[in-house]
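Two complexes come next, and they have one chain in common, chain A, joined by chain B in the first and chain C in the second.
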Partner chain A sequence: MLTLEIDGKPVEVEDGATVMDAANKLGIYIPHFCYHKKLSIAANCRMCLVEVERAPKPLPACATPATNGMKVRTHSRKAITAQKGVMEFLLINHPLDCPICDQGGECQLQDLAVGYGQSAHRFAEAKRVVADKDLGPLIDTFMTRCINCTRCVRFLAEIGGFQELGQAFRGEHAEILPFLGQTVHSEISGNVIDLCPVGALTSKPFLYRARTWELTRRRSISPHDAWGSNLIVQSKHDTVKRVLPLEFEAINECWLSDRDRFAYEGLNASDRLTRPMVKTDGRWVEVAWQTALEVAANRLASVAEENGDDALAFLAHPMSTVEELYLLKALGAAFGAAVDTRIRQRDARADLARGKVAWLNGSITEIVESDGHWFLGADVRRELPLMAVRLRAAAKAGARIVRWDDSDDDWRIPGVDPHKLTAPAMLVALVHFAKHLGVTLPDWAVGLVQQPSPLSAAEFDALSAALRGAQKRRIWLGRPLRAHPNAAEFEWLAEAIAGALGAKLGWLVDGANAVGAAVVGAQATQTAHQLASAGKAGYLLVNLEPEDFAAPDAVADSFARARTVVALTPYASESLKAAADVLLPIAPFTETSGTLVNIEGRLQSFTAVVRPREMTRPGWKVLAALTAMRTGRSVAYTASDAVRDAALPQGWRTQLAQHGLTAIAPAPTLHASAIPAFDRVTLYQGDMIVRRSASLQATDDAKAERGATIPSEEAAA
Partner chain B sequence: MLSPEALARIDREIAKYPAGQKQSAVMAALRIAQEEKGWLSEETIAFVADYLEMPPVAVYEVATFYNMYDLAPVGKYKLTVCTNLPCALSGGYHAAEHLKERLGIDFNETTPDGLFTLKEGECMGACGDAPVLLVNNHRMCCRMTRERLDALLETLKRQATENTQ
Partner chain C sequence: MSTLKLGQMILKDCDESRWRLADYEARGGYQVLRRILTENWSQERVIEEVKTSALRGRGGAGFPTGLKWSFMPRQFPGEKYVVCNSDEGEPGTFKDRDILRYNPHSVIEGMIIAGYAMGASCGYNYIHGEIFEVYERFEEALEEARRAGYLGENILGSGFHFELYAHHGYGAYICGEETALLESIEGKKGQPRFKPPFPASYGLYGKPTTINNTETFASVPFLLAMGGEQFLHLGKPNNGGMKIFSVSGHVNRPGNYEIPMGTPFSELLELAGGVRGGRKLKAVIPGGSSAPVVPGDVMMECTMDYDSIAQAGSMLGSGAVIVMDETTCMVKALERLSYFYYEESCGQCTPCREGTGWLYRIVHRIEHGQGRVEDLELLESATSNIMGRTICALGDAASMPVQSFIKHFRDEFLYHIEHKRCLVPPEVQWAGSDIYVEA
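On to the complex of A and B.
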């Protein structure tokens, strides 16, 4: 520990801390631009100059190591003169265009210029002009405003994992640019907009839409992946205008994935459903809520009566809230319908055999503490972009990371050791690895172990040595693996190997409330994907379109053959209009309150940010009303909090799994030739809102995904 | 892209640094690539980046930072005249003007026969011998009076014709 004095106040800091750290600890503000607590030190803006006793010149606080007995003055005449001098230099080339700059009102340079700037220029020469750059559909550039702090460069290199921007040329000619003919493809690129202290990098979808001081701010939770990132949703006139990260160190730090940041555009999509609609004789007509609810309840009831048991399936997107899913389960019970949310999983045996709920099996912050990671059938960058951020930090701290999957995608994590294995090859390799470790193989594996191993004994030894060499070992089951028809066998092997290696299993679950869905019991003996393609006589869908399922065509077909399909949805897409015969407008997450349980089992409730569109109603209220109609008893909830408390009684966390499954049924003998390939994870096709974000859909990632063929049910079966 | 000889030279540079720190050899690698290719094109920079396992833009940063890397084709002889203060005081600008006149080109231009490119340079650490100029980054010429400049041009022209014969 070091003791020093800043502005006369003593403070203790760790060895290696800087003067800036010490000042932050005291709550003393030192003006700065290039310094950022999450990035490396560049010390190139010089705004943070302070006076240090016995130092001949002012020193940059962000880059000066604190020493014992140091005396720092941040507001002395010498310090202020230095800071003002730096500001004058910064403003030499900065355009005076605040009135037309999107950063106006939330600009660090603007704020500090008020404190340190002069009202007149001494520099009479021409200012420099820098050409704007094309950074894709999410980030707009006004490069003349750039003050060359290189925060954006450092972010992409250090947090994004690949330096896509650089500072080329030098001196007056220095400019920020991507390599010739390239652009930015990071899945977390939007953070550079927040980091840029001036208006050089701004949000393209938000450009000129509103001024910061006109916006209403509310806290919310992202429904687009299981991470549970905390959001500040900003709105004007009951329309969501922008989404920014709410700093939460334990989950999203100060970052957001582009998906979480830009998906909001979808909330204002033109095909929002705003009134209940019923299809009669092939024509859609708008009806009153009461009529719509009655039609829905009657049609479902007649299917239940006429088609007998097993005729109905009530399916929901795993982004649906705890409240919605709990009431959906009650509605399912009232109709004798199967209820499920596992829309992309092809195998129900794994969850059944495990009994307990799949989750991260630990906290998010534990990821960085773990020093041995083995990913099985995962696509981390697409599944959970912010998990990749944590892994980069783990890799930097020396963690070993091994991946087995069938994709060529670069995770942008330094030092990752990739093994490209197709699903059948991976299953065979796992069987051999388990045998190598002395695991007794079950009957279903006898056919597999006769296949030659894709990896050699030496490679197995290297892998087990790498994992055993780590203090905290994790084996992660990715989404493609969990979605696979043989997920149960994969998980059995992973658990057996985890036991042999002393590693802990973790599940990369699919959907913002996948954990919550399992905890409230919105799970049937078949997965939602299986139920949807099974050709039931009646379906009720919550926040779902055929595109959400693992095999959209087969599912659309199954819906088309059903006697009735009731959809509770914020959108009326063509595919849904073709599939459904009753459409009930329910609120997306910004227009209702609710609760999501994230991948680490953290319960996070949020409230509405804006008023529901026209006749839109909260999903949980619609589900409660339908249940009341069916049972004849009114459901006594006045607020979503009460539903949540009923859904998640004390002690619900004991349902979270500590271990993988140890027995599967049924488990027929497997042959490698009969094992289908893994499904691809998409970055920007995962839910109704994301699919409607025009900017996200304009990214190269989304274009590639839409062009990619999704393996059909037939090919997979 | 680069010849086996050039790659071998780059490998020797890489070997000077600890394993896993290939990027330390970036300046040497760019120099070798430029010697072979005459200048650093986008493809050459991307190739060097790939070879050193660096992001291309990081190599581009280096290539654009230093004056001696040429990002556009140059003539057979690149003459870089120092115009920093000590040289300027001892006739650096006059030397440059004289070359401009004799060659009929301005700074950053190349003669139509592709023989000479004229560049303006920063202090070369030889102020005592001012005014100075560099031929092709490597050959330092001191005290460049008009006579010596004319002689230099003659020698280089002769060299060029001899080489082509």
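On to the complex of A and C.
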């Protein structure tokens, strides 16, 4: 520990801490631009110059190591003179376009200029102009405003894992630019907008949509992946205008994925459903809520009565809230319908055999503490972009990371050891690895172990040495693996190997409330994907479109053959209009309250940010009303909190799994030739809102996803 | 034809035709290395000799070389580096070019000895990109030294290993700043690092590194041959040895002059043939373009060593003596210097990136009759906001000429501002422009 004095106040800091760290600890603000607590130190803006006793020159607080007995003055004449001098230099070439700059009102340069700038400037020469750059559909550039702090450069290289921007040219000609002919492709690129201390990098979708001080700010939770990132949703006149990260160190730190940041555009899509609609004689008619509810309840009831047991399936997107899913389960019970949310999972045996709920099996912060990671069938950057950020930090701290999957995607994590294996090859390799470790193989694996191993004994030894050499060992089951028809066999092998290696299993779940869905019991003996393609006589869909399922064509076909399809949805898409015969407008997450349980089992409730559009109603209220109609008893809930408390009674966390499954039924003997390939994970096609974000859909990632039509096996069969 | 006029130590008896290994050996080259290795000198003994000699860094800062070498953590396990800074980009300086051209082996021998003294087994010589033929010659010299067994494994059977590589830049002035030079060797954009950590603890590829100027390394074999004490006596106390001065500007015989430290400036001027056309000496920049300018009459009283020049308010720097006679317009001279720094700022930190352009534009305006009375005060204020506020010394280097030119020749600047023309009449300036015409 070191003791020093800043502005006369003593402070103790760790060895290796800087003057800036010490000042932060004391709550003393030192003006800065290039310094950021999550990035490496550049010391290039020179704004944080402070006076240090016995130092002949002012020193940058961000880069000067604290030493014992050091005396620092941040507001002395010498320090202020230095800071004001730097401010003048920063301003001489900075355009005076604050009135038309999107950063206005939340600009670090503007704020500090009030404190350190002069009202008139002495610079009488022509100002520099820098050509703007094309950084893709998400980030707009006004490079003349750039102060070359290089935060964006450092963010993409250090946190994003891959350098996509750099500072080219020298001196006054220096400018930030992407590689020639390239833009920025990082799945977390939007963070550079927050990091930019001036208006050089701004949000393209938000450009000129509102002034920042006109916006209302509300806390919310992202429904687009299981990470549970905390959001600040900003709105004006009951329209969401922008989404920013709400700093939460334990989950999203101060970052957001582009998916979480820009998906909000979808909330204002032109095909929002604002009034209940019923299809009569092939034509859609707007009706009153009461009529719509009655039609829906009657049509479902007649299917239940006329088509007998197993005629109905009530399916929801796993982004649906705890409240919605709990009430959907009650509605399903009232109609005798199967209820499920596993829309991309092709088999239910794994969850059935395990009994307990799949989750991260630990906290998010534990990821960085773990020093041995083995990923099976995962696509981390697409599944959970911020998990990749944590893994980069783990890798930097020396963690070993091994991946087995069938993708060429570069995870942009230094030191990752990749093994490209198709699903059948991976299953064969796992069987051999388990045998190599002395695991007794079950009967279903007999056919597999006769296949030659794709990996050698030496490779198995290297892998077990890498994991055994770590203190905290994790084996992660990724989304493609968990969605696979043989997920149960994969998980059995992973659990057996985890036991042999002393590692802990973790599940990368699919959907913002996948954990919550399983906890409230919104799971049937078949997955939502299986139920949807099974050709049931009646369906009720919550926040779902055919495109959400693993095999959209087969599902659309199944819906078309059903007697009735009731959809509770914020959107009236063409595909849904073709599939459904009743459309009930329910609120997206920004227009209702609710609760999501994230991948680490953290319960996070949120409230509405804006008023529901026109006749839109919260989903949980609609579900409660339908239940009341069916049962003839009124539902007692007046607020979503009460639903949540009923849905998640004390001790619900005991349902979370500690171990993988240990027995599978049924488990016929497997042959590698009969094992299909892994499904692909998409970044920007995963839910209704994301699919409607025009900016996200304009990214190269989304274009590639939409262009690559993966023929589903069901459709081909 | 050569610019070499006089050499007393490093440049003695060498020229365009006598730079090869055989020539160097004939002049006694590699004898010191051989003695150190066969007599098995201790590292401390080498460093002590260098300390005794009071050899100071010839790159410009004048830091005591022996002291610098003693900072190196000699016992540090793993690679350590010795780096030679031949990125000679300072306007007015051309001594390292001639050392590498005429006596490259003296640098090689000096670097091997430095590697021996500091426990390094690898060295780099970073050569300025605009003197490519010098780089090629150095590569040839390296090859000669390798073949002769002075470089590589087990040098002269001593068990000491040292490999040396040449590396050329592309002409960026900033790469002469030692940490920018290291970045450049590493393949990155040449931008200075923030210090601390200093190269002695975190240098090339993050390993302990010592960086010295070409002339410093070239002096080492000579000082060890004659002994540190003797070397010191060549010059004057605290300013040991010989120094090469690159004399340019308004003299009759511009060129490199290797003379003892402490030689009066008047003698150096005489060696260079005196002021061109017998004109009056107006001003001298005694240590390269970054050094403050000194009025001619003050300069005539100085001796050529670190301490005397410092007393005159300037720096000996790299020993580049730029002589200006009475036909020189000081505003125009400063405009040219300021343009250099404006173009060569790396752009990393704010005061230098923004300030150098500002300084140049103001001086440019004054020179072109657009000056304002408040401009001089503005220049002084802007330079004081740059000096000491930047990551490296380029900000200081850009500021010192401005401050000293205004300090000593304020009347000329004021005349420019008031009369929109030069104090030195155009016909006088024209008369002085026959710089390339030999008398």
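Here, the second predicted complex is superposed on the first by the 713 of 717 C-alpha atoms of A that agree within 3 Å, B and C clash if a C-alpha of one lies under 4 Å from a C-alpha of the other, contacts with A are read in each partner's own complex, and residues count from 1 in each chain.
Everything below uses one rule, namely that a residue touches a chain if its C-beta (ideal position, glycine included) is under 8 Å from a C-beta of that chain, and two chains touch if they have at least 3 such contacts.
Here the structure is a predicted model, which is why all the values come from computation and not from measurement.
Clashing of chain B with chain C is the outcome of superposition onto chain A. Residue contacts after overlaying the shared chain place A:E172 against chain C, while chain B stays out of touching range.
Using the contact criterion defined above for the overlaid structures, shared-chain residue A:I689 touches neither chain B nor chain C, since it reaches no partner.
In the superposed model, A:V86 lies in contact with chain C only, and not with chain B. Touch criterion met: A:P65 reaches chain C, while chain B stays clear of it.
Using the contact criterion defined above for the overlaid structures, shared-chain residue A:E164 touches chain B, although it does not reach chain C. Contact with neither chain B nor chain C is seen for A:V184 once the two complexes are overlaid on the shared chain. The clashing stretch of chain B relative to chain C, chosen from 5-13, 95-103, 113-121 or 131-139, is 131-139 in the chain A superposition. On chain A, the surface touched by chain B in one complex and the surface touched by chain C in the other have residues 166-167, 169-170 in common. Listed in rising order, the residues of chain A touching chain B in the complex are 157, 162-170, 177-182. Remark: chain B residues 42, 46, 55-58, 60-61, 64-65 touch chain A in the complex. Contact residues of chain C toward chain A in the complex are 172, 174, 189, 194, 196, 342-358, 361-362, 365, 372, 378, 381, 384-386, 388-391. Considering their complex, residues 41-47, 49, 56-58, 60, 63, 65, 82, 85-86, 88-90, 92-93, 122-125, 128, 147-148, 166-167, 169-174 of chain A touch chain C.
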